[in-house]
Amino acid sequence: MKKDGVKLFVDGKRLDGRELDELRPIKMEVGVLKRADGSAYLEWGENKIIAACYGPREVHPRHMEEADKAIVRVRYNMAPFSVPDRKRPGPDRRSHEISKVTKEALESVVLTHLYPKTVVDVFIEVLQANAGTRCAGITAAALAMADAGIPMRDLISSCAAGKIEGKVAVDMMGAEDNFGDADLPLAISPQKKEVTLLQMDGNFTRKEFEEAFNMAMKGCLDVYEIQKQALLKKYEV
Amino acid sequence: MKKDGVKLFVDGKRLDGRELDELRPIKMEVGVLKRADGSAYLEWGENKIIAACYGPREVHPRHMEEADKAIVRVRYNMAPFSVPDRKRPGPDRRSHEISKVTKEALESVVLTHLYPKTVVDVFIEVLQANAGTRCAGITAAALAMADAGIPMRDLISSCAAGKIEGKVAVDMMGAEDNFGDADLPLAISPQKKEVTLLQMDGNFTRKEFEEAFNMAMKGCLDVYEIQKQALLKKYEV
Amino acid sequence: MKKDGVKLFVDGKRLDGRELDELRPIKMEVGVLKRADGSAYLEWGENKIIAACYGPREVHPRHMEEADKAIVRVRYNMAPFSVPDRKRPGPDRRSHEISKVTKEALESVVLTHLYPKTVVDVFIEVLQANAGTRCAGITAAALAMADAGIPMRDLISSCAAGKIEGKVAVDMMGAEDNFGDADLPLAISPQKKEVTLLQMDGNFTRKEFEEAFNMAMKGCLDVYEIQKQALLKKYEV
Amino acid sequence: MLGVIADIKKDYIKKLLEEGKRLDGRGLDDYRPIEIKKDLYATAEGSALVSLGSTQVAVGVKMILGEPYSDMPNRGVLTTSAELGPLASPTFESGPPRPPAIELARVVDRGIRESGSIDTEKLCIVEGEQVWIVFLDIHVLDYDGNLFDASTLACISALLDAKMPKVEDGKAIYGERSGSLPIVDTPISTTYAKLGSAIAVDPHLEEEQVLDARLTITTTKKGEICAMQKGEGGAFTAEEVLNTIDRGIEKAKELRKLL
Amino acid sequence: MLGVIADIKKDYIKKLLEEGKRLDGRGLDDYRPIEIKKDLYATAEGSALVSLGSTQVAVGVKMILGEPYSDMPNRGVLTTSAELGPLASPTFESGPPRPPAIELARVVDRGIRESGSIDTEKLCIVEGEQVWIVFLDIHVLDYDGNLFDASTLACISALLDAKMPKVEDGKAIYGERSGSLPIVDTPISTTYAKLGSAIAVDPHLEEEQVLDARLTITTTKKGEICAMQKGEGGAFTAEEVLNTIDRGIEKAKELRKLL
Amino acid sequence: MLGVIADIKKDYIKKLLEEGKRLDGRGLDDYRPIEIKKDLYATAEGSALVSLGSTQVAVGVKMILGEPYSDMPNRGVLTTSAELGPLASPTFESGPPRPPAIELARVVDRGIRESGSIDTEKLCIVEGEQVWIVFLDIHVLDYDGNLFDASTLACISALLDAKMPKVEDGKAIYGERSGSLPIVDTPISTTYAKLGSAIAVDPHLEEEQVLDARLTITTTKKGEICAMQKGEGGAFTAEEVLNTIDRGIEKAKELRKLL
């Protein structure tokens, strides 16, 4: 995946002018859809993502329901026009994997025992993509769940760190993701600071990993603050 | 879809010698299949179509059944050899749309409340196609339903009109459909003269539309007479 | 499917040195998998096949269950790397047909009335293929069923015969299958000597057919002896 | 909704409509508030997000180079798809497009195609060999009724917004743009719901759930009809069809001003 | 049919058969009335509709130009498909071909292929580059038993009916014809049902529903065997297999006269 | 397992693990017995069968000539698939790969790809035109837990076993071989299960059924990390993540000796 000869730093700054530990601009808004029980719209750098939550509701097909708790289902989907090369509609292998790890990242904070035999359905639509859509999607999904009033013991906040030209950096954008050396997306429950999503690919020494891990953790906590503001804003009016 | 330079009139007559308001030859026969509850075979110009009706019968899958009425399902299908370029088996997007509008054209006359929790299944197979298969299919389907003894408050009769070389004409055949200016398939319940299917594509002024609409309506009523004869013939013997 | 100019005999012997009525070397072992209720591994010439049996167990989907007996289901599958040209994962038309005739070959000896509303599931995986995989698969499947303790009134043993360069021969290997004149796979219940699978393609006179049929029948009985030894070996230890 | 409650609701909406009133206070010829946002998704060649009341439809235009159809060697190709994903409604399901999504895409496509909206000859690079394939992807975000009109508006807006990629040595350079798409007509779709004897434009969700029949009329700049689609199990009289067309032709002129 | 009634019916049919009688009055070696109509569907290169009692099977031959298989560069390609659509029986369902349809297509295909029925070398246009692909599409219209024999009859009839399109500049001209397909053998399939100790030809639907096992034998003009298929869960003795083959070889000679 | 019995079992396994013990007598850092067999399937370019306790995974390497990706014109292509067929477990079903199989294939693939294990530049035949496509097919035969580690071991073993077909005139000659695949690193995956406060390597099936969360760490020869994947609904503390990585890096060194 790596290519040589692509410069990722200009005058000591990243291509978009950021410092190594600086997040891209992030905007969040909850309650953007009428039909969904909860929803959120999120812009994170050049990513534009909408998430919806339905539930707790009856499970179809019925055989998936669990007698003693709610199940959580997640569908991560990219619009065909969300990437430079048109994506064929429908989930590919990457989408299936992201849906799976996103579900696993979100379900630990849901008080599933309160609503046995039901499902909490979470839908994430990527309308414009530019690296980091899984972290952005998880972040938006957690907001949509909170907006839907799903009882949760904590929020989930997500952010990645990586390595570009040998330097550990937070929240990589497109070119950094394409030509970088490593990527470490993380999601945490921000109050307990527990890790609910962790994936990694590329190349880290043990020391670099720890540095990137801490940077991603810090990023998650920054994201958490923005999430809280978005939720507060809803109740301000 | 239009092409220039193709002549659709020769000596003031249409390519197959018809007048503007003249239907192609139509033959109908009911009760042509043993296994189906009702069936009909129809030749309409160069179209050859067979339709079958099963029901009212149990609904599978069960979750589709409705507590207070029968549902109507329609499957329009083309045999691979029914068109000059072999069609891959199975429904394409066009077939799905025709199945949907055909169902909607037929269901209004069915006394669905008499058979709650059942389904009336209608299957239309196009064996040879030459423009106008959806009208021909609806017409054959209505016969198959009547042959099956499905209680209906009226029959359904169908016919199209269109515009070729700027002139409004009824019941276009292949070349007219390919190189014509507009197409308006219609289905009606012939006793009440109510419109149960109407689609249009191409280009009509308001005035042309009304002319074509009246011509298609007249065509439907002509088709109705042939349908009645086919049903009578069954009981003659 | 036939090609000219390929020699299938060298110095009066077949390409792998066998006589016309000689089977390839066969090895069988039962109980090779932990999770399956019964299993068998089989090497037959260059074929390597594993079979598993689960059941009698509950039927999913439920509507397939039969009120008065167990059903038998078979899935024959080839690993992508089991043939020189990589096979796309998932069943093709050939696999579907083999699954169907294998099921029909096996089910006659199962005492299905003992376990109403259940299913006996048989899975055959071809890991390396070299002609005769359906016979090898049936043979392995019967062992897996016996290993699972499925109550059966007899075993099932399978072997093919065919015609190569005009001569009737048993158990054709790859090149013989590709360039031979006829193929006749057979499966029998060896105690009663009844035919439970028979397929044929190629060209046989009535006389050649009988010769090949008898040769395949003899092959099945030889296979039966090896099956019995494999089952005995399991209880030896 | 099932049984008795659905019937009561249907009767109530029908009575209202027959008195010329609607649940949300509109008249029979009033659209809900319409908002059109363009140039939203930078990864698309053109994009638009249309709100029709609470209904929200996003559309993206993608262009790729490909081969023309053999019977139209000097024309670009238009391909329209619609996704009614589970995000937009509790009744939508994941999976390949079902008949309602296919019908939506095909009706919108016919309006654009038959109006001659895109001058497809200008999308030819090398006759018989290379033309632009224009993908129109309709992505429904919130389904509160009348997807036909919202989607046609969003599609034509996205087409008007689209910038063509440059072509160099037979390859598309997505980073650089060579002008707008050749859009020569702006078809507008108007959809009417019939319930009892009343016919109302722009049905919202609660009306769609109980309507007898639906009629969509798409008209060109000149006021000519380029596509129509009747939907659902009910029926129209001939007079109703002709009256509704007259209403649709007039209403389209108003809507076109929003582009 | 379930349980007791099915058992009673099976016992009755079995008793009849073992006495050499059948529900519809035929003898064990009698076919139902056979009707073959050809040249029915003008969009196909060749077509036939075969009735076997109430069973009806339509077959169309379509020919398109394509590439040969790399190991047979100078031969045309035969592709056989079967659709058991829901029109033909209350037990058939829509959707991709299930194992019974696949088995039907493959058994019919083997009969035609292995008999050398089509001289595929004559379907080569340019060796290694362009040959005729012959599609045989089996479309079952009414299923009243014994699809194997009806389909093989319909396929070989449609092949005999087929006219090859002309080829000009490597393109097929479907409007003009350049003679018949090179058909050099006419395989005939005969199918027998075993129930108890009786074995009867051409099982109708009620016999198929209760039979123990089925045996299909396809033979060439010369009376040689080119394809066989045993079906269903029951078994045949060796003697039964050999006797049934003898009956099939004789019966095929009669059927071939109908072509 | 449902309800009460599952809870009791989970509590029991958790209590054991928190005392540093396991159902099968292993310590928290012990793998089950590992056996690697290579060169098993002659139809594959390379193959291996790995047993991890009762878990058995077969892997075959197939190589075919094809086109490179346009952004990496001088590199071969790696494609990894996994089938969790119904043979291997009563809970696996037939059909296209479901998310667990997709995740397995993708995590194994990332370990191999990101470690630079295969020198893909050496798989280029003609830059921009023809390269080797390497298919790694993971075929699970017996599922008794920890497929990630078994599959990575089987994949890297099969790659080490693989012999490249000869290429003549742009065609692959599968009968002749031209040397081994250019394997320059041997990534090893180590998977840990967390239950309560305990974290144990190589979970067997009964542990997998009750674990809170899973962590897989894949490391290179040099001891650097090239892939990680957390799984299931539970969570890890930061400290647990870092400690588990240290354990995984050490453990991988032991496992690599088995290759």
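First chain written, first letter: the chains are A, B, C, D, E and F, and each begins at residue 1.
Note that in this section a residue touches a chain if its C-beta (ideal position, glycine included) is under 8 Å from a C-beta of that chain, and two chains touch if they have at least 3 such contacts.
Since the model is a prediction, treat every value here as computed from it, not as a measurement.
Chemist: How many links in the shortest chain of touching chains run from chain D to chain E?
Modeler: Contact-graph shortest path, chain D to chain E, evaluates to 2.
Chemist: So if I look at the partners of chain E and the partners of chain F, which chains show up in both lists?
Modeler: The shared contacts of chain E and chain F, listed by label, come to C.
Chemist: From the C-alpha centres, identify the chain that is farthest from chain A.
Modeler: E
Chemist: Tell me which chain's centre, taken as the mean of its C-alpha atoms, is farthest from chain B.
Modeler: F
Chemist: Between chain B and chain E, what's the gap in Å when you average each chain's C-alpha atoms?
Modeler: Centre separation, chain B to chain E: 32 Å.
Chemist: Averaged over CA atoms, how far is the centre of chain B from the centre of chain F? Could you give it in whole Å?
Modeler: Distance between chain centres, rounded to whole Å: 57 Å.
Chemist: Calculate how many whole Å lie between the centre of chain B and the centre of chain C, each centre taken as the average of the chain's C-alpha atoms.
Modeler: Inter-chain centre distance comes to 51 Å.
Chemist: What's the distance between the Cα centroids of chain D and chain F, rounded to whole Å?
Modeler: Computed value for the inter-centroid distance: 48 Å.
Chemist: Can you pull out the residues of chain E that are in contact with at least two other chains?
Modeler: In chain E, residues 97 touch at least two other chains, as defined above.
Chemist: Could you say which residues in chain A touch two or more other chains, in rising order?
Modeler: none
Chemist: How does the ring run, chain by chain, when chain B comes first and chain D comes next?
Modeler: B, D, A, F, C, E
Chemist: Per the contact definition, I'd like the list of chain E residues that touch chain C in the complex.
Modeler: 2-3, 71, 97, 99-100, 102-103, 105-106, 110, 113-115, 215, 220, 223-238, 241-242, 245-246, 249
Chemist: Which stretch or stretches of chain A touch chain F in the complex?
Modeler: Result: residues 1, 3, 67-68, 93-94, 96-97, 99-101, 103-104, 107-108, 184, 189, 192-206, 209-210, 213-214, 217 of chain A touch chain F.
Chemist: Which residues of chain B touch chain E once you look at their complex with the stated criterion?
Modeler: Residues in contact with chain E: 33-36, 46, 48, 50-52, 54, 57, 75, 77, 79-86, 89-90, 121, 123, 125, 127-130.
Chemist: Which positions of chain E touch chain B when the two form their complex?
Modeler: My answer: residues 40-44, 47, 54, 56, 58, 60-62, 64, 81, 83, 85-90, 94, 96-97, 135, 137, 139, 141-144, 174.
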